[in-house]
Every structure is written in structure tokens, then in C-alpha cells.
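My questions all concern the structure below.
Chain lettering (A, B, C and D) follows the sequence in which the chains are written, and residue indices restart at 1 in each chain.
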Amino acid sequence: MPRDNQTLLDLYRLMALTRALDGAIAEIDGHWHGLEGEEAVVAGAYHGLRPGDVVAPHYRGSLTAACGRGADLRKLLAGLLGKATSYNRGRYRSDVCGPPEFNLIGLYSGALGPPLAYATGAALAIKLDGRDDVALAVFGDGTSSRGDCHEAMNMASALCLPVVFVCQNNQIAISTPASDGVAPRSVADRAVGYGMPGHEIDGNDVLAVHDTVQMAIARARRGDGPSLIDAVTYRVAGHFVSDTVEDRPPEEIERWRARDPIALFRRYLVEQGVIDDGDLGEIDQAVSAEVAAAMAQAKADPDPGPDVLGLDRVFA
Amino acid sequence: MARQTFQQATVAAIAEEMRRDPDVFIMGEDIGKFGGPLHSCLGLWEEFGAEGRVIDTPISEGTFVGAGVGAAMQGKRPIVDLMFLEFLGLVVHQFGLDGGAMHYYSDGKVKVPMVVRAKYGVGPFHGHAYDFHSWLLNVPGVKVVAPSNPADAKGLMKAAIRDDNPVFFLEHMGLYHAGREEVGDGDGVIPLGQADIKRAGNDVTVVATALMVKRALAAAERLRNDGIDVEVLDLRSLVPMDEQAVLTSVRRTGRLVVACEAIKRGGSANEVVSLVAEEAFADLRAPIARVAPPSVPVPYHRELEKLYLPDHDDIADAVRRVMAA
Amino acid sequence: MPRDNQTLLDLYRLMALTRALDGAIAEIDGHWHGLEGEEAVVAGAYHGLRPGDVVAPHYRGSLTAACGRGADLRKLLAGLLGKATSYNRGRYRSDVCGPPEFNLIGLYSGALGPPLAYATGAALAIKLDGRDDVALAVFGDGTSSRGDCHEAMNMASALCLPVVFVCQNNQIAISTPASDGVAPRSVADRAVGYGMPGHEIDGNDVLAVHDTVQMAIARARRGDGPSLIDAVTYRVAGHFVSDTVEDRPPEEIERWRARDPIALFRRYLVEQGVIDDGDLGEIDQAVSAEVAAAMAQAKADPDPGPDVLGLDRVFA
Amino acid sequence: MARQTFQQATVAAIAEEMRRDPDVFIMGEDIGKFGGPLHSCLGLWEEFGAEGRVIDTPISEGTFVGAGVGAAMQGKRPIVDLMFLEFLGLVVHQFGLDGGAMHYYSDGKVKVPMVVRAKYGVGPFHGHAYDFHSWLLNVPGVKVVAPSNPADAKGLMKAAIRDDNPVFFLEHMGLYHAGREEVGDGDGVIPLGQADIKRAGNDVTVVATALMVKRALAAAERLRNDGIDVEVLDLRSLVPMDEQAVLTSVRRTGRLVVACEAIKRGGSANEVVSLVAEEAFADLRAPIARVAPPSVPVPYHRELEKLYLPDHDDIADAVRRVMAA
């Protein structure tokens, strides 16, 4: 797949931003669901979408989706703190629910699964309106056991809707290894049952992710219907920051750490002569500074006042 | 003006709104060429099918209701035919918890203008009678409509479709094909949240919706012979509830009976009772009475079903009780 | 698969009984969901189970499951009429919900799908108790689109439970052809996604059904886990008796009528010299007489009295 | 006797029942080696895991709750850890409509002895606070338990496990790790349906469950300084509800305030209000008052959350209001 240097650097930047955010948020929020090791999936999937495309991101990576679509970092971080300056003035958390003005569908309750239906509905709206936008529905390996997954894929296939389903398969759900919670080895194996293309890919290879997602998006834009991509990666982090229970073999974690997607991509970029180490370091620094500044601002931002409770603002 | 059944009036409202607004579409199981169970969508396929606006879905309730939510977020105005209210438990998360919260949680940026319609109630169709609408009163952000006659069904369905929130629209199978009544052909939107006094009276207020309105009216006729003058207040929508209308009536009559087809324990009748016990206590001259089925599953044999469901005698008895107190 | 003449004749008898019931009930109940054409699936699946096996039948065929397990015909028909002599004294309908004393799981509400979970739970109980019984979960092609199907199969596979899933695939759901409601051609294609064996079989061939189900049951009894069988048949009847809407090509219906499973099996039995036409006719007559007698009794049976309402009998 | 948290007492009850009855087992997400979110099952894996009685399930709520129903029909006594009450909408059909109806519809032949436990409520864990238990009051055949302290949690969990019906067991996250209290180590079953007077008083009855009991007691302390003597009645189980205890108390005090963490509209508080408005009207000296969150989704920022959830001041204000009426 042809891609220009700008795309490569944008992908790198989104991965670096994801990591920088991860570190900064972990410091202030013990309940943050980190995504160390999974940056290639989220950057690869969320980069290069059009404004009319609709995204229902997996909660782990929701902030990356928002950043990838142009949301403001300070407002997002304010949303993590519930500040009045956040996109919803503190009514709801930004870490699992992105600003809808960027065509993001979040977790409005905390239940995993239903957003696949909302993405399917967005695709239906797209089709009814004759747009050539697409919906992207991303979910975890654990979430793939929910009936919502089955129904959404089956319905998207039956109605030939422009949806791309991506499993952010970090091979674990809280403590449950995918091998226990997800019966087959690959979630992509399910595609045949829905009569749609299924792709199992290396989720630590950002270009594999990006290329495959873009290919599936192109197919959907053409009106050829949904696809299912199983991007296999690994949750190097705990389930959330203060999750100290770790039952996986240390060697396994180390093996995956050695396949760190950012390090892999850095090596690739340097080897291909796209950029040198020094300039990569500059990107890293710029991103970190941006995050630090946004965080400092968000922290200083005001808390919401009682008016935000908005007892009469439930109904439109 | 035309004489229409509840089913016809409801479908007419949908068709008129689909003509008026190209963003309105309808989906559900077997609602296309088949016309929908009990003719719930009769004729829509013929008129709007070719435009793709009448969509047959797989048997995937949570997901097609969820798809309604997702399409509404994109600016469409979906009507989802759930077939039976009995399936509410399969969709309440998507429709209620998520669909109802989006406008609030997004600080007004997301709107979810959608209607879920569902048949229910003891009637000629023998099954799927369960009435679980009461749950929805306890879910923030969703509206609940339960018409009692064809004209109201039409006007309320139009309002529901034009509403920018998730609206649950109840279609009682005991009323569905139960006879034609005059229904206006004009726009005739009936705003949600406006109760209607179906019979004015001075001695006692009976609050009801749907089939229970019919039965309350029958009870009122009988009670006239006993010299009891009953006011029958049809809430029409349970959320929003026309609290003023209830309070005004009860303040005048001093007595309240609430009739409801959901089982008594935890039913929506309780909201009316609580409103009055809080706000109009000083004007109450007698205990409040609820008339509702016992807290058992809907039994099957028609005789048991009759015992289960309150009829005009049960309502009349309750009225006599509060009059005697 | 070795089978004795008795099994063959029992299978025939259950098919004939199913058809006789179908005709007799259609006369009195406009809402009866007939199963003309589908007798091979239900007889093949429900014959030869052990008392400890648990069955969650598809609603269409629920009476056959009850008969196959030894339930009393008169009581079952009384249950259709809500009579006091029925298994539950008129509290609930027998056409979609069989008597639990025969280890039958019915539709206690009218929702299709959840019984697959109940069957999965029965299999879990069987496994916990160390029994070598199995659970049999039968569902329609339309029902296969419910998330329950996915979750039950995935969970049964993940926990290696003794469940046999059978799709009574009559290629339609009310008015929705399987091709519109079920994305792939064969429901059996889904098995690979759950890492379990999948079998697509001719659902009009009672021996194919019986053999495949029994093979899957044997596997489950051995502790080797669940299987999925797609028994492809055809609903020659309407959705229910008074369903006059028919949008399928008449030739298609005629083609399948020509493959009537009872006629096919009769031919086989005669050709194999198991029985001759005359004796088959006698079975038919005996079965019809049995149904007529049971129906007459059920009709004459008393209606339930007010005590059956049992306001204080909801809780155990 | 031991000093235990709510979480510890609940898990102790489960462990003791699992020791007592080999048919009891537990399943849910991440309840095995991981010990369950918020330690909901801490230690059970170590003791019962090898016997296969602590079962980690895939993320398939409807199906693992349904599997509980199916296993219960076979004579097992499953405990299902739903993790959060927020997921009730994903399982209410299986647990409630089907699970609750089986005993009745089978004319007593099927029993469904199971417990679904679920965390909820505004507390230190920031999220999944939604309280939708009120729905279950309107579902025939299921019981609902909501303890307010460790000792009650233990005794009620034991009763729930021994009960032959589907029981929903609420575990409030604001109480979960909120301090140790004395808990008996004996069998100490607390029968479902027995309310408990947590504080005796003469002027007004405050009915509450779970966290609201704690806040009602705090309100009562403050009101003592105003010379108002509050009785705090902890329902402990909402179904069955100890109607006699409520009526007896209100008949004595003549005043009723009901505090509830579910949003006001359609909340379970309404059942208490309705009971009293029907049965003890003659003894009421003042309007009834409900104290409950407004009908909006639980907001996120801690300050908004505080405004949302009734505290002792809100309860005290309501008491003062009914005293002044």
C-alpha cells in the first residue's frame, strides 16, 4: 500500500502521543486503563479517517481516537478530571467517552458491547443518506464474547453496511486470558460465519494495522460491506494502573515488551531513512511537552458549578 | 376525518411523518412486505420500501434498537418496531441507559430522536401480554407514551416522532383492532405530557392509561347509577407526566384511584400515588387506592387471565372503597 | 451408524405423531405454529435421549420433544387449551413450554434465544455433578441471529460443556428468509469461530439428523465439549395456521413438499424391508387415533378454577 | 465474632454456605484467581477453585446469568457475580422474566434457587454507580435484598443463598470497604422480609436501605438537637417487603419520609409511599416525602455527584418539612 512520509510520521506521532498521555494520566489516576504495548492498534486504526466517518472506539484507546480526530488535548484531560472546561463541563468522563462533535461514540453507560450496535446504526444512517463515509467499531477480545458483537456483525453483513470491525486483541480481559474467555484462537475466524472478510494481523505492527484498516474502509466506502480485523497485541500494562494482581508469566510480558510497537516502528522509520533518531527524539519531546502543558492547564481549570448538574437538561 | 382503528391511526401517523420528513425511517422484524405482526406496519413497505426506509432486521433486538440509537445520533429519526413490550428487557440498556443518557452526558451535543413502539397487553392475541413499561420511569432521559384510543394514538405518535428524545410508544393489543373511531387527518400533534380528562366528575379522580382508561370509563358509567360522579383522567404519556392535571383534579375531588395494567408492586401507578401523597395530601379525603394485577406472571387460561386483569368491576369497587372511607 | 429396526420404527412413529398432532391442533388453534416439513429434524433430534439429558427445544417442535421424552398426550393437549388437567393446571401454554419433570426447558417468556443460556447452565450443572448427561439446545435459523446463540456457544466451548446445539433451519423466520436474516449460507459455518465441530446436514433426512445428533451427544458425554449442527429443512407450513401471507415462490414450496421427510422415510423403510406399506398405514392410524382420543379428552377436561391463579404461589 | 467489612462479611457468608452445601457454586467475570473486582470473591478461588466451584466466565452477562437459571433448574444453587448493577439491563430478561416466572408457570415444579450479586452506588470507586434495582419490584417472582451494614450483609446473603427463588443482592460500593463492624460467626441467617429498626423514634419514620440508612441515621442524630425524634427503619429486603413493620411504625409516628438512591421518578421508594397512602392514610399527620436523586444520569465530577446524591442534610430537610406541615 502506498504511503507518504507524512502518513508515517503522523502515525508515529499518534503512537508517541498515546504513550505520553498514558504516562501522564497514570500519575494522577489510579483507575486509568493503560495501554502500553497497544499503541500500534489504536494509532493505526484511528489515523486517516475522514470527518464524516463515525468511530466507536474501544474504551482503552478512546483518548487516542479523540486525538486522532482533532479533539483538544486540554479539554480531553479536563474531562478526565471532570473539569468545567471539558467537552461536557464535567458531566461525564472523557477517558471512555469521546466528544461526539468529532463523530465519536463513547461508553455512555459502562457496559461494553452495545457501542457496536450504535456504530452499526451510524453505518445504517450513512447508507440511508447515500454518504460514502464508514463506521469503525473497535472492541476488546473480552468484549468479543458479548452477544452485541455477534448481532452487530451479522446485521451489518445482512444489510451490507459500511462498518469495519476491529478487535483490539490484547489477549486478556481484566484477568481472563483470551484463551479462556474467547473460545477460538482468532476472533477473525468468526468472519466466515458472517460471510465477511476476516483478517488476523500483527497488532504491534502499526503499518499492518493501518493498511488493513484502510483497505477494509475502502471496501466499505465502495458499498461492499463490513470486514472483521483481529489485531493481535498484548497488554503490557495491568488492567488499570493500581491493578497489582498479575498472574501472567513475567517472561511472557518481557517477550512482548521486547516487541514494543513504538520501538519497532522507530527502528523501521530509521532503517527506511524516513527520519533519524534525533528527529524522532524531538517528536517525543514535543509530544511530552504538549501533554504536560495540557495537563497543567486542565488541572488548573475550574471545577463545574452546581448549574452544570442541569436538572432540566436531561431531555433535548 | 376518517374512522380508523388504533392500528390504522398509528400507521397513518407514521406514514404522514415519513412523507413529511425524509429522515424518518422504520425498522424491525417482519415489518416489510409482511406488513408487521398484527399489521403494525401495513402499507409502509408499499409506499416507502423502495426508498429503503422500511427495513427488515434479523432477530437481534438489542442491536437493532441500538442501531436506532446510532442512527439517531447521526441525525436520522428512526422508528423501531420492537414487536412486543415483553422484549423490553432485551433492549432497555441500549434504549434507556445509553440512549437516555447521551443528551445529558454530552452536555446537549448528542440528540437521540427515536421511537420504539411495542405491542403488549391482554387482548385477543393470546400471548406476549407482559407490561413492563414501569421500569422506564426510573430511567433518566426517556419518554413513555401509552394512548387509549385511535385519535390519541395518532396525535401522540406524531409527537413522539418529532420529539428529540428516545420515546417508548405502547400499543395495547386489546385496543389495536378493537373498533374504529373518528381520527383527524390534519397534522393534529398531541404534545407529550398533556393529560386528557376523558370524563369530568366531582367525587373521585381515576387516573389511568391505555386499556385501563376504557375500563375506568365503563366503571364510571356504572357508578353513576350509584350516584358517584367519577372523573377519568387519561395520562396519555407517563413521562413526561402531566402532574398539574393530576393535582388539579385530585385537589377538587379529594379522592384518587389509580388503575394500571402493570403488576401492582413497583408499577408506574406508584408514581401517581407518590405525587399526590407528597403534593396534595392536605386535599385528600380518603386513602388512595391502586387497581392493578396481582404480582404474578400473566396466566394463560382465559378465565385466569380475566381474574388477573382489573376490569370495570375492580375499578368500581376501588372507587366505592375510597368513597366509603 | 448401527441402528436396529426398533429405532427406525420409533423414529417413524414420532414423525407420524408430530404430523398427526400438527393437523389436529391446526383445526382448533389458529395461532398454532405448524411444522409440516420439519418432522425429520424434531424426531431425529428428540428420539433416543436419556432421562437425565436436558432439552431446550425450539418452540416449533416443543410438543414433539415432550412426546419423545414420554409426556402424556392428553395432558399436553390440555395444556394447549389451558385446562386444569394440564401439567401446570392452565397457568401456562404447553405448545412452547414442555413439562419440566421431563427435563424440558421451555419458553417461559415469549423471547427466543435465552433458553440457549438455560441449556448451557444445565450442561454446567451436569458437569459440576460429574454426570455424563448432556444438554440439547435447539433453535431456529432466525433465532441464530440473537446474541444468546453466540454467547452460549462461546461459553460452552470456553468451559468445555456437554451441549449439543442444533439449528432447526427451516430457512425462514416469520417472513424473513434466512438469506436476509442470517448473513452466511450455513449456520454451521459459525462453528469454526467457536472452535467446535460444525455439521451441515439434510434436515429432511431423519437418519442423518438422528445419527449426527447422537454422534455429537456421544462426544459431549465423553467430555469433549459442544458441537453445532445445522439441520437444513423447510417450513412448508405458514408461520402459524392463520398466517395467510405467503411470499415464497409456489414452486419452491412444491419442491420441498416433494421432499416431504415422512414420505422419504417411508420409502426408505419399505425399500430396506423394515416394514411394509400396510404396517406403516397401521402406525399412522394408531397415532391418529391416539391424538384424536387425547384431544377429545382434553377438550372435555375442566377449566381451571380461580384457585389456580394462586396469588401466593409465585415464590417457592 | 469478628470485625469485618461489608465485603468481608459477604464473602464470609458465601464461603460458609459453600462449605455447608456442595450445590452452591459461584460464577462471573474475573472472580477466580483474580479474586473479583473490589475483592468481591477474595479467597474463594483458593478454597473452592480446585473443586471447580469458582468459575470464571466470558463477558456474556445474559448468558452466564441465564446459565445460573439453567443450573438452578437442575438443582444447583448458583451465585452469579454480575460485577455491577449497571448491567441489570443485560440480564433482567433471563433473571427476572424467565427466572422469576418458572416456579409459577410450572405450577411449582421448577425452582430457581439462585443469587445474583451486584455492586453499585456512589462511592470511592468512581463509576458504575447506577441504581436500577427498582425495576425488579415490578417483576413477579424475584426477591431484592439491599443490606446496609456488614452484619446484615452476612445474614442476608446466607438467607439469599438458602432461598429457593431468584434473589438479587445489592452491594453498595460506598459501604463495601467503609469500615469494619462486629459480625457474628455463627449461622446467623437473617430471614428475607424482616425490616430492622436501626433507631427507634416517635416523631417521624424514615424508611431506607443500604447507604441511605447510614445517612438517615446521621440525619437523625442532627435532628435530635432540633428536638425531633426520628425512627429509622431499614427495610433490608425490598421484595419481600416487611409491610407490617412499615405500617406499624408509621401508624405510631404519623409521618413518613422515604430515602432511596434510585432516581426519584419511578423509584422503589414509591412502593413504600403507596403502601402507606393506601393502608395507613388515617394515621398520617403530614404529607409523605421522598428523598432521592433527581431524574438525571449520575454525573461524573465529584462535586456534581455530591449534589446528585441525597445526604443527611437532604434527609433532615425532608424530615423538617413533614414535621412543619
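Basically, a residue touches a chain if its C-beta (ideal position, glycine included) is under 8 Å from a C-beta of that chain, and two chains touch if they have at least 3 such contacts.
Please read these numbers as outputs of a predicted model, since none were measured by experiment.
*Asks:* Taking CA centroids for every chain, report which one is farthest away from subunit B.
*Replies:* With centres defined by C-alpha atoms, farthest from subunit B sits A.
*Asks:* Between subunit B and subunit D, what's the gap in Å when you average each chain's C-alpha atoms?
*Replies:* About 30 Å separates the centre of subunit B from that of subunit D.
*Asks:* Please report how many Å separate the Cα centroid of subunit A from that of subunit C, as a whole number.
*Replies:* Between these chains, centre-to-centre, one finds 44 Å.
*Asks:* Mind checking the centre-to-centre distance between subunit A and subunit B? Centres are C-alpha means, answer in whole Å.
*Replies:* Distance between chain centres: 40 Å.
*Asks:* Using the touch definition from the top, which residues of subunit A touch two or more other chains?
*Replies:* As it turns out, subunit A has residues touching two or more other chains at 91-92, 109, 111, 145-148, 151, 154-155, 158, 180-182, 310, 313-314.
*Asks:* For subunit B, what residues touch not just one other chain but two or more?
*Replies:* 57-58, 60, 62-63, 86-87, 89-90, 93, 97, 100-101, 104-105, 130, 140-141, 295-297
*Asks:* Please categorise the chain-chain contact pattern as a line, ring, star, complete graph or other.
*Replies:* complete
*Asks:* Considering the complex alone, what residue numbers of subunit B touch subunit A?
*Replies:* So the residues of subunit B in touch with subunit A come to 25, 27, 52-53, 55, 57-58, 60, 62-76, 78, 93-94, 97-98, 100-113, 140-141, 143, 164-165, 240.
*Asks:* Along subunit B, where are the residues that touch subunit D in the complex?
*Replies:* Spelled out, the residues of subunit B in touch with subunit D are 86-87, 89-90, 92-93, 96-97, 100-101, 104-105, 130, 132, 134-141, 239, 262-263, 265-271, 273-274, 276-279, 281-282, 284, 286-290, 295-297, 325.
*Asks:* Which positions of subunit C touch subunit B when the two form their complex?
*Replies:* 31, 82-83, 90-93, 109-113, 142-143, 145-147, 173-176, 180-182, 245, 247, 303-304, 306, 308-311, 313-314
*Asks:* Provide the residue numbers of subunit A that touch subunit C in the complex, in ascending order.
*Replies:* Touching subunit C: residues 145-151, 153-155, 157-158, 180-185, 189-190, 192-196 of subunit A.
*Asks:* For subunit B, which residues are in contact with subunit C within the complex?
*Replies:* These residues of subunit B touch subunit C: 29-30, 32-35, 37, 56-63, 84, 86-87, 89-90, 125-128, 130, 294-297, 299-304, 307-308.
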